[in-house]
Amino acid sequence: MALVDLPLEQLWRYRPDREEPADFDAFWNRTLAEAREFPLDPVLRRQDGPLTLVDAFEVEFTGFGGHRIGGWFLRPSNRPEPLPCVVRYLGYTVGRGRPHQWLSLPACGLATLVMDTRGQSDTADPAGGSGAEVPGFLTRGLTCPETYYYRRVYVDAVRAVEAAGSLPGVDPARIAVAAGSQGAGVGLAVAGLASARLRAVLLDVPSLTMFRRATEIGAAGSRAELVAYLKANRGREDDVFATLSYFDGVNFAARARVPAWFSAALMDPVCPPSTVFAAYHHYAGDKHMRVWPYNGHEGGGGDQEAEHLELLASLLGDER
Amino acid sequence: MALVDLPLEQLWRYRPDREEPADFDAFWNRTLAEAREFPLDPVLRRQDGPLTLVDAFEVEFTGFGGHRIGGWFLRPSNRPEPLPCVVRYLGYTVGRGRPHQWLSLPACGLATLVMDTRGQSDTADPAGGSGAEVPGFLTRGLTCPETYYYRRVYVDAVRAVEAAGSLPGVDPARIAVAAGSQGAGVGLAVAGLASARLRAVLLDVPSLTMFRRATEIGAAGSRAELVAYLKANRGREDDVFATLSYFDGVNFAARARVPAWFSAALMDPVCPPSTVFAAYHHYAGDKHMRVWPYNGHEGGGGDQEAEHLELLASLLGDER
Amino acid sequence: MALVDLPLEQLWRYRPDREEPADFDAFWNRTLAEAREFPLDPVLRRQDGPLTLVDAFEVEFTGFGGHRIGGWFLRPSNRPEPLPCVVRYLGYTVGRGRPHQWLSLPACGLATLVMDTRGQSDTADPAGGSGAEVPGFLTRGLTCPETYYYRRVYVDAVRAVEAAGSLPGVDPARIAVAAGSQGAGVGLAVAGLASARLRAVLLDVPSLTMFRRATEIGAAGSRAELVAYLKANRGREDDVFATLSYFDGVNFAARARVPAWFSAALMDPVCPPSTVFAAYHHYAGDKHMRVWPYNGHEGGGGDQEAEHLELLASLLGDER
Amino acid sequence: MALVDLPLEQLWRYRPDREEPADFDAFWNRTLAEAREFPLDPVLRRQDGPLTLVDAFEVEFTGFGGHRIGGWFLRPSNRPEPLPCVVRYLGYTVGRGRPHQWLSLPACGLATLVMDTRGQSDTADPAGGSGAEVPGFLTRGLTCPETYYYRRVYVDAVRAVEAAGSLPGVDPARIAVAAGSQGAGVGLAVAGLASARLRAVLLDVPSLTMFRRATEIGAAGSRAELVAYLKANRGREDDVFATLSYFDGVNFAARARVPAWFSAALMDPVCPPSTVFAAYHHYAGDKHMRVWPYNGHEGGGGDQEAEHLELLASLLGDER
Amino acid sequence: MALVDLPLEQLWRYRPDREEPADFDAFWNRTLAEAREFPLDPVLRRQDGPLTLVDAFEVEFTGFGGHRIGGWFLRPSNRPEPLPCVVRYLGYTVGRGRPHQWLSLPACGLATLVMDTRGQSDTADPAGGSGAEVPGFLTRGLTCPETYYYRRVYVDAVRAVEAAGSLPGVDPARIAVAAGSQGAGVGLAVAGLASARLRAVLLDVPSLTMFRRATEIGAAGSRAELVAYLKANRGREDDVFATLSYFDGVNFAARARVPAWFSAALMDPVCPPSTVFAAYHHYAGDKHMRVWPYNGHEGGGGDQEAEHLELLASLLGDER
Amino acid sequence: MALVDLPLEQLWRYRPDREEPADFDAFWNRTLAEAREFPLDPVLRRQDGPLTLVDAFEVEFTGFGGHRIGGWFLRPSNRPEPLPCVVRYLGYTVGRGRPHQWLSLPACGLATLVMDTRGQSDTADPAGGSGAEVPGFLTRGLTCPETYYYRRVYVDAVRAVEAAGSLPGVDPARIAVAAGSQGAGVGLAVAGLASARLRAVLLDVPSLTMFRRATEIGAAGSRAELVAYLKANRGREDDVFATLSYFDGVNFAARARVPAWFSAALMDPVCPPSTVFAAYHHYAGDKHMRVWPYNGHEGGGGDQEAEHLELLASLLGDER
């Protein structure tokens, strides 16, 4: 393993121009307005099991296109008062797992809602494709912004924040987002689309930013699917990057207002640090950056999460 | 490279039991009947270009679910009489390419129809998923036979044969199928579902057979997606293989009546030869097997194709 | 990924002879007696932090050679009564991480003690080597049983069970072990050496069994170090396997009496299933086997842990 | 996959100095003069087979040293008039295949001659080595220009153009070259040695240029053999690159006059784009460059060939 | 690393049938007779340098086809009496190196002659190819036994033994061969062709035996070139193995009379042990086998050489 | 293979700042003083065997901490006068092998002492670890300079020079060091600590320099263990590099006075040339640099050794 991108001192200055379509805001306003025409209708189903300190529920709410989106909701047992809630989005092709895998936030006195990424976890993506695809989700519906897969995911994610705020025992004034990799890319979009509903976003090694650069420097992981697509479908570069400009985290960063905590790892081949720093430098709200010099895509791992638990307990915890 | 499967003498005797659902025929009869409620409606759009010996067209017809399926149609120029036609299905994630890449059959006096695999080439798969997926097409809609991706593809393929027979300048009594890998798996399904419409099927290193064995011996390529799915979704093995039993080439082989020419390669890690011989041994029509001892998934390559051109010219050629 | 070892039906019958030195019991009796001459002296240091449902402590006790061994101890907050305790041993070169990474047992009302593997986590191995080594811990002190690294680790592990039983708020009659990989190999040794102190052992994809076979079938992971050693130090095979016979899980299995739950994964190249089934078949206590057909060394992962939480809550839970 | 070489904007300016021996022209004049002392003696042998639109022949003519060089010659059937002819050279270790694999040009009304690369296809290289070699053809006879393998190949290639022009039914005033990789490197040499006999050269991802740089930036493919040779034969760097300077495409480029169409792929590890642009920038005739930003050594593939068919039909087609 | 071939107990019984052409002896008698028409004409050129205990010479003699073959000749200084001499053949693509790399035999009081493998070391192979080749030497001239590369090498090797016996200060009654890998395959041929001139052959992990099996079990190294050739040149299997039957070590083994010491390594992917044991079991002279259970193609390395030095000193040493 | 580091012209100018602790000299003075409190007590044990030109001994002397360190000692037979002696240190995880593998220096009339690297060869490292380690020796005792593994090795190495000078038949005024890779890193430390006892140091592709840079550019081999450690033990970077600053070859280089011959290989991923040139440029004595442009970590191999034999024979040889 070696440093995979620019040296750290250049990363602190790396603020590339953004490729932003003129109708970016109009596109997302229209998209969210359409989605909100469906009732959110959150439902909780209690999960039996051996957990005694925490109440665990399967949650379901309405995301993009009226599709029902599932996930987990956990909160400390015997805590009837409204609690803060942290919304979690998942890494690429990572399923929701089991409730006991999401105990760290409840153990700190916080509720948490874990959202399925449609198609990648137990929730289906009932929308079909719009053209040629290569294996993976990055090229599904890539022919135009309206049909692109992440349009649905980003809307689901905004709705998840709204759902979290409407659940019993959640204080809607104390919602935060904490996620990594794809999940952090989704969280960055939510920060750009719904800052007003959030108290903090914690974004570890976020993906879904700087698509063109990621393909040029050979980012591994999901963005390699874009290279495979462009290799097989020559001449569509302009169309592809035009579509992706509606989904690039740097454009959401420029609209976000909620305080953000980023992290980047200097040996991360999946989310090379320049693609993270680009989002950080364009981020319009208060912002912090944590650098892990000798880590790959695992970033700060459990050490990062320990810092985040401290931070979230402090930011969201009981204010009385 | 080494022999990747059973020794050749064992392959000649390898005839495993089939896993076949009781309602296999009912399922496919119902599926085809529903598909045929949509009008086939084949359309040809002539392609300009430098080809002078061959007329090239984009073709479009109605496949599963009323979805329009594209492809190429080529025939020798200045040959007004009805000609035989060879239908081609594509390898996994291989696009249709350009018309000049499909000249070998027309150069022998035969027409050819190349069918897009929906989602994998220029034709979209407008149907969405039904649950968790892993990157690739093998797990799309895998929760039940009705929603499985290859239900749509196999129907498209039967309809492609019907479309070929209805095109101007094609003799519907002289249709054959020739394909390799995924395409040959699709062709095997067509042989099981529509033998009466065909004069021959040429199936090189077919995929989409013996799914369970393929996962156990570690077949590379598309079937590795099944392993990835079962690894992430523990406990669904029975459901998955129950669904796949409706799509396994060995079950179609047992229903086929049209003469078939198979080939298998002894160093093929993608379609290991035992999965090909299993289909061959269960094949109910006249059958032939060509073994390539030192080849991988490329099988007989251009040498195989040269044999096939001779064979097709002889089988389908002018009978006057 | 493919099946990496014998087919499942053969695994159910795979009960190889054991290589067991005549003085196996004498060796371990002497070893444990020497270790117990040092006072156990368990110490707890409370960890500050955001966890509110669980009390977390750094624990330290005396292991082999009077060396102090560290780890974590967690228990539900505000539960003054004596609780069951589950002892955890770590996978190869895996550190103890942070307290919040060990919440699943406390969230079920159980205490847990996580033991550092000396040299591999924050606890040092102050004993030096006895001859040539190759990188890794498997060849440290391999020249004779007295100096072998795992003699120290196994003793630490027995002492950890004793320490757990002596901690405030722990019911010494309700101690279990749950671990995976190297940790499960260590746990199997503890089952052989200290069954009387345990109510159950849960051993996922255990390592440290069937050393010779593991080297012959090319087990990946820690046992590959043995191949590297024997490759570089020709002619020492007999000595090496004579030393290892004092540490092979199958010999501990034959002495264990506590009920055991094993798991094995059929695509696990690190702990190939035959090396697990061999221990299972020789296990002298009540025993259960869970097979994961499409998993590698991750085995049952979160699904396995969910089963274990149910099981431990039921086996150890409040009996009043 | 990532960009493997200089960024595109630097490639447009990358015009390195050439290493050219003083007697470059004398060497090649003498070489060609010697070769032409042998009669060209082209022979055609008609191939039976199923092709009806195209006449296929095995061709043979005299190349370097009086050695007979084989290949294919195809032309549209029933076209008695002199036709343009496109000469094809093959990629590294690629055989001539079968006639039906060369139909695209005849289908556009053009004849084509496909030349075997001696030793790599059905034609032997009867000349022996002159010193140490490493596996492959790049180091055969490398001790001096007179014995170097590519001296023979380049002469064969010039003679192939002469042979094409002398075949029945070919218009010698309308000859072009179209080739890729090694074949394009050979074609570039022919452009430098025999521009006057050609109407166009189409050179896709050409190899055999910028040998020193290729070894330093780690070009994969055939030029990696040079690294293996220099690694094993220390101290011969100067001699090796002195020999290779007689064979470097950039030196032929500087002598070429026929219009050229180059292509380069920005993710091509075999023929990194800087080694292609160097030849382009030194090319002395009219020149065009096609860049494929997301492709490896496959370059433009079928899309490139489609453009070339249009171009060749237009450049060489019927002028009446 | 794992055992790569049959288990050891099966290897001790593995004696496959040989494929031997009827005119095997006639072919080699004729071949050697032709070679001996050229005068052997050995020449020594003293090498200056810092070695004071050993005299080093470049040696040259006439091998196949009158070609001059080079190598090293070393003997202890100041030892005027005739000494035994050990002839060494080189591993695949390994050059002769420097004189100081061949000191172990002279340091034991023995002379040694190291023969270049033509084309692979400083000696050229002036014979050309006879058809298609793939990179490497295994397919050079493979079209018939007369032109096959190893015909020339084996003849060179027999002549090297003759040359050694004729050098000043060598006792022709005390010649042995010691070599590994390709060199041991060559040495086995020499044992079959010239046993009467030898006192012992020491053959470590010999290559060039059991060509067909080697290709089927995927032997790495030089024999993988045969798979590459057969993959590209379909249908030539019978011809290829017919040619190779004149060069297979098992056929030479059946003719050898000189005592032989073989070694095999159970984890050797290049010369899998079954291909070595096959030769051992067919060997017609006194024979010994040394098995290295945990080694790859390095076999016994320096430990093997230490045994060989003892053995050679004892077998060949001063008998007075 | 490609150039792996800076271009050669930059390497000639690459002289980075050193990170040197203020008490570097005090640390080493104290360390050596402590070591010298133990008597050196060199012992020779003659090895029987077939070598007749050379006398071979097992040597043992007292290194760090009173630990006995083993190795080989060889000198030409029948040369009673005091001879020069070359001390050799071993590459990473390379054992001492057999005496016959160390003949080149005695064959030139020089004695040689080969020192075991403790733990890596037949000599044990009886000191234990001080904290977490990852497999390998680079992180053993890394928590502070006093406990770091290479403190012991460097002391052993200085003592080896002292031992060599005290052996019978060695001229203590004519001692040199010649080593490669780890051994050359050790030799560089010895040059910094004991220049007065040496006539020359020959350091091929030395390791153990520029630790931080090596981890950042992804040096393969032993220094990759540092990356693994820092990845698993986040936040310890400053401590780790502070400890390593006492062991960095560049700091020893700045103190060395004995003439040095360095070599570097431009394609060496294990000891990238910038880490070698940094030591060269800081070297305070007479110095020479040999560059191998097309080699990896093997560097100049036998060619380098041939140069070294000439050089050593000339520098150390008989001066009468």
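The first chain written gets the first letter, and so on, giving A, B, C, D, E and F; residue counts start at 1 in each chain.
The working rule: a residue touches a chain if its C-beta (ideal position, glycine included) is under 8 Å from a C-beta of that chain, and two chains touch if they have at least 3 such contacts.
Composition by chain, UniProt nomenclature: A, B, C, D, E, F = Acetylxylan esterase.
It should be emphasised that the depicted structure is a prediction, and the values quoted were computed from it without experimental measurement.
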Query: Minimal path length between chain E and chain F through chains that touch?
result: 1
Message: Quick check on chain A against chain F: do more than half of the interface residue numbers occur in both copies, making it same, or fewer, making it different?
response: different
- prompt: If every chain is reduced to the average of its C-alpha atoms, which one ends up farthest from chain B?
  reply: F
Task: Specify the chain most distant from chain A by Cα centroid.
output: E
Message: Can you compute the centre-to-centre distance for chain B and chain D, using the mean CA position of each chain? Integer Å is fine.
response: 37
Statement: Distance between the CA centroids of chain C and chain F (whole Å) is 39
- request: With chain centres taken as the means of their Cα atoms, state the distance from chain B to chain E in Å.
  value: 51
- request: Could you please state the distance in Å, as a whole number, between where the Cα atoms of chain B are centred and where those of chain F are centred?
  value: 64
Task: Send over the residues of chain D in touch with two or more other chains.
output: 303
- prompt: Given which chains touch which, is the overall layout a line, a ring, a star, complete, or other?
  reply: other
Interchain contacts, given as pairs of chains that touch: A-B, A-C, A-D, A-F, B-C, B-D, B-E, C-E, C-F, D-E, D-F, E-F
Message: Considering only the defined contacts, which chain D positions touch chain A in the complex?
response: 1-3, 267, 292-296, 298, 300-301, 303
Statement: Contacts from chain C onto chain F in the complex sit at residues 93, 95, 119-137, 225, 232-233
- prompt: If you look only at chain C, which of its residues touch chain A in the complex?
  reply: 49-54, 76, 97-98, 100-101, 103-104, 106-109, 302-303, 305-306, 309-310, 312-314, 317
- prompt: Touching chain A in the complex: which residues of chain F?
  reply: 215-218, 224, 227, 230-231, 234-235, 237
